[in-house]
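Before anything else, here is the set of structures, which you'll find just below.
The following pair of complexes shares a single chain, subunit A, combined with subunit B in the former and subunit C in the latter.
Right, the complex of A and B next:
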C-alpha cells in the first residue's frame, strides 16, 4: 500500500514538473515590465538640449495638461519612422511633446531635427542615458503619456498610427 | 627623516588605493546582481549594451553620492520591479521561490528516513 502511494506521489510530482516546464516553454523569455500607470513622474536634475541650462525634470511638466515624453536618438532607426507621427501630433494643442535625447551627439541630433522637423516643446539632453533610467526606460524609442504629474501610459518601442490614435482618444 | 617621509607617501598611496578598490568592488558586486533587462541571461556587469552601460554609470554615480548597496537596489527595484535583481528578497511574491527548495528537501529527507526505518 505504502509502495503504491509512493509511486502515485512520484508520478504526480513528475506530472506537475512537466506541466510547469511545458507552460514555461510557451512563455516568452523577453521581460515585459509592468506598465507604470498612475505613477508619479521622476524628479531629477538634468540639462536642456539647446540652452544647456540645468533644470529639475519636474519643472517641464508643471501645467495641468497632457505631455508626451518621447525618448529618441538620431542613431535610432525606428525613431525616424515614428517622427512624422510626432510632427503630426504637434497640431493637437491639448498635448505638448517633450523630447529626451538619448546617448547622442549634439551635432547628429541637431541634423536629425533639421532634416525631419522638431516636434518637441523642450528637449532634455541625456548624454549618458541615466535620465532614461530614472524614467524606467529600456532604450529608444519609448514614450510616456503624462497628465497632472503622473505617467498614465507607457509605450515601449516606436509609436504607430494606432497608438497615436489611442493617445488622441486619451487626451480628448 | 627622508625614510619617514617616504614611508608616509607610500602609506597614503596604498590607503587611497584601497579606498578606490573598495568602491570598485562594491560597484562590481552591485552590477553583478543587477539583471540586464534587454539581454538574454546576462548581468549588467557582463553586458556591454547601451542599457547596461548606462546602469553602470548610474551605479557609480549613486555610490559617489553616498548611496548604500540596499538603497541602490531599492532605487532600481522602484524603476523596473523585483525582476531586476538576481538575488530577490523574501516577500509575498517570492516566498515560494525561497521556501520550495526547503520544503522539497524536508519531504525528500522524510522519505529517506522513512525508507531507512522500514529496511531496519
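Right, the complex of A and C next:
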C-alpha cells in the first residue's frame, strides 16, 4: 500500500519534471527579446560606481527622457562584442545610457572601461547582483529601454546592429 | 565527398545491425544455454561500422573536405593537424558520433570480458544497451547528421573556435565521454541484474571493475576540463559552477556514491536499492547533462547548437529511459526486509551510509542550483542566475563533518567494531586544530570557519598519511583516494585564502611598484604563426624576497574566425602559480596587465590525479582486503 503510493509519487514527479523541461524547450527564447510593455521600473536605492554615492532610482531616471539601462560585466564575453555598439549609441543625444555593473570586481570593471571606452552616463555598482534581480534580469548582457519611468522594451542577450537601429527608431 | 558517403551509410548499416542484434538476442534469450556467437559477431561488426564512420569524419577533417557541412563549420585549412583531428569532436555532431563509438566499444568489451555471469544476464544487458545505442543512432541520423553534404563546395571553412584549440581540451571530451558512457554499461547491467534478481555480492564484484573504469575516466575528464578553463579562459580560476561543469559533477557524485555502495554490497547483501537507484541515476544524470547543454536551455561555453528539435529528442529519449528503469525497479526489485536493522551504529556500513547521505546532499545542491532557474522561468517567468555564492554557502559548511567522517569511517570494521587507537586519533585531531590555527594566525585569515575547515582537512590528511605506514597496505587504494581528497580540499582552501592579484595599466618600459611586488614591462615583439598573429610581451617581476621571474604573456589574433584571445603566461612551481595576462587598451600604447599569485595551484591537479590513481590501483588489485 505504502509502496504503491511511493511508485505513483515518483512517476508523478518525473512527469512534472518532463512537462517543465518540455515547456522550457518550447520557449528557448534565451536570446530573443521578450516584450514587456509599460512596466514600471523598480524603485531602489543603490551605490554609484565611481563616486560610491547612494542614489535613488527616481534621481537616476528622470521622467522626460529616454534611457537605456545596460547590464554588463567585465567577465562577460558577449558584453565585449556589444560594447562598440553602445559607444556608437552615445552619439545620439536623445538617449542616456546607464550601466549596471553586475557581480564584478571594481578593478576589472575599470580596466574593461579603460580598454573599450565608457558609454555610460552613470554606472550602478551591483556587486551582489541584487539590483539586477529587482529588474528581473537573468543574465548579462541585458538592456532595458526606458521612457517616462517605464520599461518600453527589454533586450535579452547582446545588442546587435539591427536592435540598435530599432532603438534609434523607437526614440525618434 | 566519398568519405561522407561511406560514413553516412556505415551509420545506417550500424543501425540495422542494432535491429539484428535485438532480434537475435530475443531468440537466444528463450533458449539460453550458451551465448549465440552470431550476437557477438554482430556486436563487433557494429563496432567496426561505427569506428569506420568515425574515421571517415576524422579524415574529412584531416583532408579539409569542406563539402561536409560539419567540417565546413568547424575547420579551416590552415589549422595545425592536431587541431584538425581534435576538431572532430569539438562540435555537436562529431561529439555525438564519439558518444556512439564509445557506447558500442563498451558493450563489445563487456561481452568479451564477462565470462562467469549467466547468459541471460549478458543478453539482457546487451538488450538494454542496444536501446540506448538505437536512441543515439536515430538522434544522430535524424537531427544531427555529421555527414551533411554542401553544394557548391566552399573553398574555405569557418574555423574552430580558438579557445577550443588547446591540448587539454583536445583530449578532454574523449576522456570525459569514456566516463559518461561507461556509466551506460553500469545502467544496463544494473537493470538486467534487477530483472533477473541477481543483485548480489557476486554481481557487485563483477560490476565494480566497470564502476571503477568510468569513475577514473570521469574524474580525469572533469580535471582536464578544469585545467583548460584555468589556462585558456584566463579568468584565473579553476571551477566556476558553470551549468556545464555542474552537469559533469553530478554524475561524478552519483558514481562516487555508487562506488562506495558497491564496496558494501561486495561484503554483505545490503544497500541493494541504493545500488540500483544510483546506477540508474548516474547514467540518467549524464544524459540529462547532454540534454541541458545541447538543447540550448542553458547558456554556457559548451552550448554548441541551439536547436529545440534536438532538445526535444533527447528529452523524450531521456524520459523513456527513466520510465523503463523505474518500471524495472518497481516491478522486479524486491528489497530485503529489515536491511538496515542489523547495522551497528559504529560500523563501516553505517559510515558509508552517512557518506551516501552527504553525497546525496551535495548532489541535490548542485542539481537544484542548475535546474532551479529553468523551473522558475517556466513556472513564473522570473529569471534568476545562480552563482558561486549559492554553492559555497550550501556546500562548504557540510564539508566539515564529511571530512571527519571520511577520516574515521575507514578505521571502522565491517558489521561491528570498537574504535582502536582512540588515543592517537584524538591526538592527531588536536594537532591538526593547532596547526591550522597557527597557519591562519600567521597569514591573518583567522576566521572560525576557516580554522575548523582546515583542521578537518588536515585531520584527514594526517590520518590517511599515517595509514600508509601502519595498515600494511591492505586497503591502499581507498587510502590513496582519501589522501588525495584531503590534499585537494587543503589546496583549494589555501588557494582561495591566500591568492593575491594586481591589476594595472602599463606601457613598454614602465614599472609598477607596490611594497611587495615590482612589475617591469621590458619589451614587446610580434610573431606570425600559421593560423594566428601573436603579440608577445615580456615582463620582469620581482617579489619582496628579491627573486626575479621572467614572464611572457601573449595576445593571439586568429585569422579564422577573427578572434583575439589572450594567452596567460603561467610559471608553475610546487608552491605557487604566477599568472599574468595582458589585454589591449583601445587606441593607446598601454596594456592592461593582470598579475596573480595563486598558491598550491599545481596541487589541485596533482591531488585529483592521486584520487583517480587510487581508483586505478583498486582496479588492478586482485584481492580486495
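To be clear about the criterion, the second predicted complex is superposed on the first by the 136 of 172 C-alpha atoms of A that agree within 3 Å, B and C clash if a C-alpha of one lies under 4 Å from a C-alpha of the other, contacts with A are read in each partner's own complex, and residues count from 1 in each chain.
Convention: a contact is a pair of C-beta atoms (placed from the backbone, for glycine too) under 8 Å apart; a residue touches a chain by one contact, two chains touch by 3 or more.
Keep in mind it's a predicted model, so treat the numbers as computed, not measured.
Taking subunit A as the reference, the larger set of touched residues comes from C, when subunit B and subunit C are compared. Shared-chain residue A:103: touches subunit B and subunit C both.
By the touch criterion defined above, A:50 reaches neither subunit B nor subunit C. When the two complexes are overlaid on their common chain A, residue A:114 makes contact with subunit C while staying clear of subunit B. Across the superposed pair, subunit B and subunit C both touch subunit A at residues 31, 103, 129, 133, 136, 138-139. Every residue of subunit B that touches subunit A in the complex is listed here, in rising order: 37-38, 40, 50-51, 53-55, 57-58, 61, 79-81, 83, 111, 118. Only residues 235, 291, 295-297, 299, 306, 308, 311-312, 315, 319, 322-323, 326, 330, 373-375, 377-379, 382-385, 387, 501, 503, 505, 583-586, 590, 592, 594 of subunit C touch subunit A when the two sit together in their complex.
Chain contact summary for the complex, subunit A toward subunit B: residues 2, 6, 29, 31, 33-34, 103, 128-130, 132-136, 138-139. Subunit A meets subunit C in the complex at residues 7, 10-11, 14, 18, 20-26, 28, 30-31, 75, 103, 107-108, 111, 114-117, 129, 133, 136-139.
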